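Chain nomenclature is as follows: A, B, C, D and E, assigned in order of appearance, with residue numbering initiated at 1 for each chain independently.
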Amino acid sequence: MASIEFLILFLVGAGIIAYLLTKLNTIVGSIFTIFTVMFVFVSLAQYGFGMDIITTVKILPGISFSQSYLGFYFAILIVFIYLMVSFFHPYFIDKYKYKDSYNLLFLLSLAGILGAFYTNNFLNLFFFFEIIIWTTMFLIPQGKSKEAAVSYFGFSLAGSVSLLLGVFVIFNSTGTFNINDSLALLSGNSAVLVFALFLIAAFAKLGAFPLHIWLPITHGNAPDPFSPVLSGALVKLGGFIAVLALIKITPATVMFRAMDIPIGHYLVAILGGLTIVFGTLMAIKEDDAKKLLAYSSMSHGGYILVAFSILNSMAFAGGFYHILAHALASAGAFMAIAAVSRVTGTTKIKELGGMIHKMPITYLAYLIAIISMAGIPPMGGFISKWLIFQAVIDKGMVFVGVAVFFGSVGSFLYVFRPLAALFLGQEFTEYKHVKEAPILMLIPTFVLMGLNIYTGVFPAAFLKVINNIIVELGYTGITYTTYVISGNNGVLNPALISLVFVVGILIAFIIFILLKKSRKVELMDTYTAGNFIHDEHLFHYSTDFYAPLERLYEKQSHWMTTFYRALAEKVKELGKLGKYLFMSKSLSVTLLWIISIIIFLLWGEVL
Amino acid sequence: MNSISNLEAVDNIINSTGKVIKKEPISDFQVAYEVNKSDVHQILTSLKLEGWKQLSYLSAVDWPEENKFELVYILLNWDKPVYIQIRAKIDRENPSMNSIIPIFPGAKYYEREAHEFFGIAFPGNPDYKKQLIMEQWDDIPPLRKDFDPRAYSDRKYPSREYPDNFSKKDKENESLEKQAKRRKRARKLRTGGEE
Amino acid sequence: MISTKYTEKKKFNKQEIDRKWWEVGDYFRRNSLWLLMYCTGCCAIELPPSMTSAYDMERLGMGPMATPRQADILLVSGYLSLKTLRRLIYTYEQMSEPRYVVALGSCPINGGIYHDSHPVINQLDQYIPVDTYVAGCMPNPESVLNGFVDLMEGIKNKTANGWKKYHKNYDWYKKNQFDVLGEVVIDDEFHQ
Amino acid sequence: MKEMKLFLGPQHPGMHGNASVHLFVDGDIIKRSYLLPGMLHRGFEKQMERKLWVNNIALIPRVCVPEPDINEMAFALATEKLLKLDVPERAHWIRMIMLEFARISAHLMAYGGLGGPTGNYTLMYHAHIDRNLILDIFEKISGARIYHQYIVIGGVRKDLPEGIDEEINAYLNDLESRLNEYRDLGIDNPSVVKRIKDTIMLPEAVVWELGVTGIGMRSATNKPYDIRKVMPYARYNQVEFEVPISDYSDARSRLDIKIKEVQQSINIIRQCLDKMPEGEVRVKPSRGQSMRWTVPKGYVYAPVESSRGEFGYYMVSNGGTTPWRVGVRGASYPQGLLGIEKYLPGTRIDDAALWVDTMGICSPEIDR
Amino acid sequence: MILSIFIGISIALFGFVLQTSIGGINRKIIGRLQKRHGPRWYQEFIDIFKLLSKRSVSHGWIFDFGVIMALGGIIATAMFMPLTSTFLAFENYDNFFIFVYLLAVGMLGMAMSASGSGNPWASIGVMRALTTMLAYEVPFLIVVLTIVNLSGNSSLTEIMLYQQAAGNNIFLIALPLGGIVGFIALMGMLGKKPFETYIAPAEIASGPMVEYGGKQLGMLFILHEITIFIEVSLFVHLFLGGATNIFEFLFKYFIVYTVANLISNVNGRFKIDQVVKFFYKWPLLMAVTQAIIAIYFGWVI
């Protein structure tokens, strides 16, 4: 019997040991980390599914735990992503500035996550969120830029503050910090307020439309193996808060009669739709593979918002399944990019080409991940998108429908870009020496590939867990059998689709193999309209891939960037003021502080 | 449109800017001037200012007896329709002529071609030395009079050899064959046995 | 009437079967000849009439194709300068097999009117094998189409096997090509 | 900025003829572009120096393949000027018929060529079958479809055949009735207009810089700069025709001018048939002299208005039996070489083929 | 199950034979439009078998694998396609979204293989194909959203039956705006002019097909034919009320494909951004209007 308290303490302790080990030898420390995370994952998986984890608290003061399917679902998913990523550490840790603390912080943030999903107290939730933010904030600057951490911290802080405010409002009106009790007691205006405040927190964490700016900066600049964690796991915290806000609180607002949805939820759905469209358009434009995937995370966050704001079990199932599918897919894609970045040192699409000839397995991992991301059968993304589409169509949400369909087709466009320009195309001479990723890195790659396919072929096992959550949330679960999922307007048999797909591939393969063998030619021996070429860089289409399309919204996206740049300038100025006020060594400022503190104290006396 | 007065106008312009060695009126719409190499740019500039804005043609003629190349610039004014040929002779050894790109940008490729076919250098033209038409040319510039394309072709390209009995004998065509034989003999006599 | 005489059961060996398949393939190949749209010389001017409505080459199952990979016929339409020949050989080697070469006009046969011209080669089959010649300067669309019909006959009778010849005498062809073209120096005229 | 290199030609469906446009592309915008000519080089100018004046008649039509008659005309004009030879009146009119038919045929080919870049192949098929009928008329007149060798020094090779008038008239009526159909399918077709309008611009200043002539010049300058009008040769001063112009030179207006010119050519041919005088058609050299024909010393430049612009022969004779030097001014030389280098950058790869098509770039006359 | 799979395979085969024959007949019709004789009606079969018999070139394993994946995906899609309201391989599982997304497998496979050849023309072609897809798919899916919302089922046979049921007209007439959008989107899907930007021989030398020859190209031709079969059948089922017997299906199929082809052949092609602009202007507006008046107001003719 695993106790959640024990697991957290174990992680903290292991973190310290890992710190010491890493100081001695980076490889040993990293491998120790792998085993630690594996232990946590195994014990969670062993006991969590049956709700068998001990939640009593003995040592930690002021903290209380409880277990729910909802929390467990998020926890196991995130721990799994952590586990997958930890396999990458031995190869990357030497590249960091502060290598010793990397594993420590990694494990501490995991401890924070476990706590956050198992607590039943809002204050504890806030506390654990802060742990996650602070630990990860020190992990991110080990990558390319320190500004990334600043922007991450800024937006996370905004989210936390609004969460805290929401918590205070809740306490004010209900008198309890307990999550389930207090949310059930909420009503009236305070419910609306909490709804809004929680959604701000969720948007900030999820990187949804107005608060998305940190996402590409942070994802793009974070250490290569940490980007999968950010995108696959940490962003899902926003999903968790969104669930709390959208499903557990139902503020009494006007309903849309045609769609049978409260107006607040409809607005969230519209914002989710905007997130999808905006993320898609920006991803199409982006030139850095990691930033591109970051924007795609944003667009998928939009799907999650849309799913949770349509209040029926079909949509919830879609949302939860999408969290799973996207976590696996985006982790897979980011890890493939990380593997490429390890050997080439860049993630810029225009500097790369023809990596498939050197890294075929990494390529396959990426391919499967993006197929899932684009929602093509037989991968997990298809199931979740199908469920969400069912819900959207059933409700007749036309405008959200436009966004959802746009994102779904647009995702082919942006996921294909790294595939075409980075992995395919001409093989560059400077990467001729490159080798496939080492075996330890291939383990998570294979596991993720397998899971991406498994989620798409046999969703029943996962739907069982999801159904538990939906029932726990107070809705009726969706109907499914071992192979068939029944929606509101149609049934889906993923296993059959996969079978037929395999049959199709088999037929095609037989046709292919029966015919005459083809002659192998070099990549440079290609149609050049009869001219001779010598430089493969000139014959590789990678820059401005979607130039004609980009030109159509160049101006609009420009407005957005200028707006945010202006905002950033303002924030910077504010920060300067703060710096001036708090950090200045000048005498006058110090005097000002002393005086104001005295006034403040006196004021208290007077009152 | 009075072409006679146009021709007079041309005369005035050219006489005022440079020395004319020889003037050749060719038709109502065309006149040729032979000028010194050094005057060419000035004359072209003043003609352009007067409306001869179009450079129709630029090339060279090889005069091996005089040991000269003759450069030809043909200008046209569409409003006063007169073609003007400006000709200037330059030395055949190390031939060189300053480029007229500053006056007529359209001359760029004509000059490149003249360099390729005659070997004339055009300082001022950024890439006159690059090959334009030919690729990996391995002989003297081909439009010079001392280049024999026949010899080059025979040397470089194997040609088809026809056997003696290639054409089938036909009774009806016997007279034609006789004619051909006679013609061949006559040609032999005329050219002195050379085939 | 069914013969009662004992006949030995025919056994097909692999070569025999291959030959049979090849003959079946020949039927398809000769009825669907795709040209490469490479107008090497002036005889190409008679191709539009023969391709379009007037003579409608598509009746024979022929049509123009964009790239050498897809094409069956390399149509040498007229004289070949050295610069073109270099590209023509490159193109020929890019084509999928079986590939056929049809030479239009008298220039590829013996130089034609340009027999003594310095940039024009005299005899095409020194460099790549030619399956069908269509003589004339320039050949009418009728004779062009007739040439293609001849090629179809050739495919049927297995005489149009220039691509096999090219493989067999590869060294000889390469030597000839090298003699006239020299080393293929891949220098990009416009890229510094 | 990373560039990519693309090739338009020589064996590219968007390229007419054997030339290659090298495009340096960023995204889909052309950054730099060059024409690589020379694939059709045959050493014409050298060949002509080595052939007798009469022999050259057989060689010259091959300089520009789509419109060979202008070569014959320019060569004949230049030689006649050197010889100071007067051509019989009837020959002038026959020459005009041939030239205008050649112009129609070249225009129809170029207009049908619009089918390539814009994908409207029906237009191409229709235009080519009409062009083919012109070739049939040529065959009746001269005995050959493409290389007629009909306009010779001193006139035309032989008189018009019997009954050709009716045939020509019938054809012209037929073509004229279909011109509106061509407009509907091509330049007035909304989907085509959307594509070709405001693309491949040619500003007026550029015309003088490059030396572009013909339709490019007339569409940009809005002035009737046509050699047939400005410096009439043959009997163009005795027929009435208009020179279509425009003040805005994009791909569509140039094609529009092409169709209008077809109409004008039809008018000219009709007038020629009406005004055709009787008489000799050729000044023949005395028997046995043609091989020893010498031409007096002189330099002459003989321009002819081709379908693409000013096409001229520069001929130098030193009094021998062969020309001393023949220079050919290809009509598409300026827009083909310098035009592509300077004015294609900034446009999109979709439009590169349109420049080649509407500016009338004929690679054989660039290479010679 | 085995039987169903065999039925599915035979449907795919039928679709290939049907579309190839109709394609051949259409080539003849278009030939007449262009004042010429046109090829034999079975010319397309000859072309495909000829390509399969040639010895092609290969640019590495992804070049081949992409083709196999594309053809496999398309065959799988065709196996789900109902021919009439009763004749289909997998009852109840002919969900509309399967077609949309399995078609994308074909697209992705082909795109992958084309990019794998390392030719920039191919990449440009792929870029254009994907962009065109982004353009036509959204209006089309909105119309389908309306249809599914109205009929309450996303299964093609159910939609067919809904249209065939008494009182319900075919959707082409019941949803006039949506029907127009559907047809325009079909033109885009089929790659007919004016939306044929990604083949565009004169611009990008046939785009994705630039490096293919021999068996790969032959397989892509098969893929192309089956794709057209799927797309036209989708239109027939969604907008024309499907078919109760096979002859009705053939008739409707032939009409739809021929009309699309005839329209295509008197048009030029747009540029790629014009395609996107076009689809996001009128068709999307019409589709959304149609959806709103049909779903929220319930105005269906």
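Heads up, the rule we're going with is that a contact is a pair of C-beta atoms (placed from the backbone, for glycine too) under 8 Å apart; a residue touches a chain by one contact, two chains touch by 3 or more.
Predicted model, so just to flag it, every value in this text is computed and none were measured.
Colleague: In the touch network of chains, how many steps separate chain B from chain D on the shortest route?
Modeller: The least step count works out to 1.
Colleague: Which chain has its C-alpha centroid at the greatest distance from the C-alpha centroid of chain A?
Modeller: In terms of C-alpha centroids, the chain at the greatest distance from chain A is B.
Colleague: Measuring between Cα centroids, which chain is at the maximum distance from chain E?
Modeller: Between chain E and every other chain, the largest centroid distance is to B.
Colleague: Busiest chain-chain interface by contact pairs, anyone?
Modeller: Answer by contact count: the chains A-E.
Colleague: If I average the Cα coordinates per chain and compare with the overall Cα mean, which chain comes out closest?
Modeller: If one averages C-alpha positions chain by chain, the most central is E.
Colleague: In whole angstrom, how far does the Cα centroid of chain C sit from the Cα centroid of chain D?
Modeller: From the centre of chain C to the centre of chain D is 31 Å.
Colleague: Just give me the whole-number Å value for how far the CA centre of chain C lies from that of chain E.
Modeller: Roughly 36 Å, centre to centre.
Colleague: Determine the centre-to-centre distance between chain D and chain E, using the mean Cα coordinates as centres, and give it in whole Å.
Modeller: One centre to the other, that is 44 Å.
Colleague: Touching at least two other chains at once: which residues of chain C meet that condition?
Modeller: Within chain C, residues 38, 52-53, 66-69, 83, 87, 91, 94, 97, 116-120, 189, 191 contact more than one other chain.
Colleague: By the touch rule stated above, which residues of chain D touch at least two different other chains?
Modeller: 4-5, 10-13, 22, 24, 28, 36, 38, 41, 43, 46-47, 50, 125-126, 129, 348, 367
Colleague: In chain B, what residues contact two or more other chains?
Modeller: Each of 134-135, 142, 147, 149-150 in chain B touches at least two other chains.
Colleague: Between which chains does touch occur?
Modeller: In this structure, the chains touch in these pairs: A-C, A-D, A-E, B-C, B-D, C-D, C-E, D-E.
Colleague: Note which residues of chain B are touching chain C in the complex, please.
Modeller: Chain B reaches chain C through residues 130-131, 134-136, 138-139, 142, 147, 149-150, 152-154, 156-160.
Colleague: Across the complex, what residues on chain E touch chain D?
Modeller: The contact residues of chain E facing chain D are 33-36, 120-121, 124, 193-194, 196, 200-206, 265-272, 274.
Colleague: If we count contacts the way the header does, which residues on chain C are in touch with chain D in the complex?
Modeller: 36-42, 44-46, 48-49, 52-54, 64, 66-68, 79, 81, 83-84, 87, 91, 113-114, 116-120, 137-138, 140, 189-191
Colleague: How about chain C: which of its residues touch chain E in the complex?
Modeller: Touching chain E: residues 24-25, 28-29, 31-32, 52-53, 56, 58-59, 61, 66-72, 94-98 of chain C.
Colleague: If you look only at chain D, which of its residues touch chain E in the complex?
Modeller: Counting only chain D, the residues touching chain E are 4, 6, 12-14, 28, 116-122, 125-126, 129, 185, 189, 191-192, 194-196, 348-350, 352-353.
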